[in-house]
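What follows is a set of structures for review.
In the two complexes below, subunit A is the common chain; its partner is subunit B in one and subunit C in the other.
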Partner chain A sequence: MIKYGFLVMGAPYSSPAPHSALRFAHAVLARGHQIAGVFFYHDGVHNASSLMTPPQDELNLREAWTELNQQHAVQLDVCIAAALRRGLMSESEAQRHGRQAFNIALPFELTGLGQLLELQQRTDRLITFA
Partner chain B sequence: MATPDALLVILRHAPHSSNWLREGLDAALVAAAFGQPVHLLFMGQGIMALLKEQGSGALGQKATLPTIDMLEMYDIDKLWVAEGALQRMHLSTDSLVDGVSLIEDQEISGLLQQHAKILNF
Partner chain C sequence: MILHILTKAPDSSASTQMQQAIGDQDAVLLIEEAVTAALDPSWAAWQQCHTRIFLLSEDLIARGLASIAAGNGLPTLEMDGFVALTEQYEKTVTWY
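== the complex of A and B ==
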């Protein structure tokens, strides 16, 4: 069994990276491997937006990530610095910065880059999707 | 030159055209702040990050050169520059900041093999 970590840096619906990451995730899980966590960085942070609303006949990528978390306990971490500068924040960050809305909620968690390095430390392979 | 457990951060994008360089450097600085040895490899347009006479970008983009100048403070002193990229852009090492090491393109695969941990920006 191989323990994987993912670094996702491509934006949803602009880059094929999120789709590739999800397909790869399901492929390795089906073969009995493990995914310890996904770290969203660079434009990949947009994957976490709870306001993401594609047409109904298209895959909602945020929901696909949420499903991965719920069914396989895959941790979903979002870089806080990359998220804030792109207008993504949790309720507590919205309060801290005096914003009237927020668009990051569980199971996505805002965290620092240290979490990416920690993910790389505790996995056999860190795969980048950019 | 191999440091066990060192993180190799590869930077392939020029300043200002995107946020790749800035966010790649951020990852390198955080790793160094966590006490991890960090090596940098500048490839392709990424070598432009090292031009010593660069200014800040258009429309309020922050300059990246101050971050490059800060690397030493974080004990990041291994800065590899792909020699082929320099030649393709007709640049010489004189135009780059001090303390870089040139690496020939065919040696890059060996460098990658020496690092178990790589982040690619």
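== the complex of A and C ==
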């Protein structure tokens, strides 16, 4: 059993990276390995938006990531600096910055870049999808 | 021993940089836009890595290139084979 971590830097619906990462994730699990966590960085932070509303007959990437968290305990970390710049924030960050809305909620967590290093240290493989 | 994952077309700068970085023991997996390499069997990397370079079949199929890859006799892998490569190679580098 190998422990995997993913770094996702592509935006949903404009980059194929999130799709590639998700398909790879299911193949990893099917081979009996474990996925410890996913770190969303750069434009990849948009994967976490709770306001993401694609047409009903299309894959909702946020829901697909959420399912991975719920069924396989995959930690979903979002880089806070990359997220705030792009207008993605949690309720507490919205309060801190005086914003009227928020669009990051559990199971996604806003974290620092240190979490990426930590993910690399506690996994056997770190695969980048960008 | 490194697994290089190329996501951009063979004429991209990402591809050129990757080709300069490939070591003798390394393997290459072509995914996303990189599967357009199936159209060019004379691409230098096919010779450079001959037994250690693969196209991801799902991405070939998505672009309608599966039969062209087969016709050109180029090696393909399923997503399962992608995972197997990462089992074999401890280090991976994604070129994008």
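Following the convention adopted for this analysis, the second predicted complex is superposed on the first by the 130 of 130 C-alpha atoms of A that agree within 3 Å, B and C clash if a C-alpha of one lies under 4 Å from a C-alpha of the other, contacts with A are read in each partner's own complex, and residues count from 1 in each chain.
Methods note: a residue touches a chain if its C-beta (ideal position, glycine included) is under 8 Å from a C-beta of that chain, and two chains touch if they have at least 3 such contacts.
Keep in mind that what you see is a predicted model, and the values were worked out from it rather than measured.
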Practice task
Figure out whether A:I2 sits in contact with subunit B (first) or subunit C (second), or with both, or with neither.
Solution key: second
Exercise for the section: Tell me which partner A:P16 touches in the superposition: subunit B (first), subunit C (second), both or neither. Expected result: second
Problem - subunit B versus subunit C as contact partner of A:T128, first or second or both or neither - result: both
Exercise for the section: Could you look at A:V28 and tell me whether it touches subunit B, subunit C, both or neither (first, second, both, neither)? Expected result: second
Practice task
Of the two partners subunit B and subunit C, indicate the one touching more residues belonging to subunit A.
Solution key: C
Practice task
Scan A:A36 for contacts with subunit B and subunit C and give back first, second, both or neither.
Solution key: neither
Handout entry: Touching partner for A:L113 - first (subunit B), second (subunit C), both, neither
Key = first
Exercise for the section: Classify the contacts of A:A81 with the two partner chains as first (subunit B alone), second (subunit C alone), both, or neither. Expected result: first
Handout entry: Touching both subunit B and subunit C, residues of subunit A
Key = 126, 128, 130
Exercise for the section: Please give the residue numbers of subunit C that touch subunit A in the complex, ascending. Expected result: 5, 7, 31-33, 58-59, 79-80, 82-84, 86-87, 90, 92-94, 96
Practice task
Quick one: which bits of subunit B touch subunit A in the complex? Just the residue numbers, please.
Solution key: 7, 19-20, 23, 26-27, 30-31, 34, 36, 117, 119-121
Problem - subunit C partner contacts - residues on subunit A that touch it in the complex - result: 2, 4, 9, 16-17, 20, 23-24, 26-28, 30-31, 33, 124-130
Completion exercise
The subunit A residues in contact with subunit B across the complex are 7, 41-42, 81-82, 112-114, 116-117, 120, 126, 128, 130
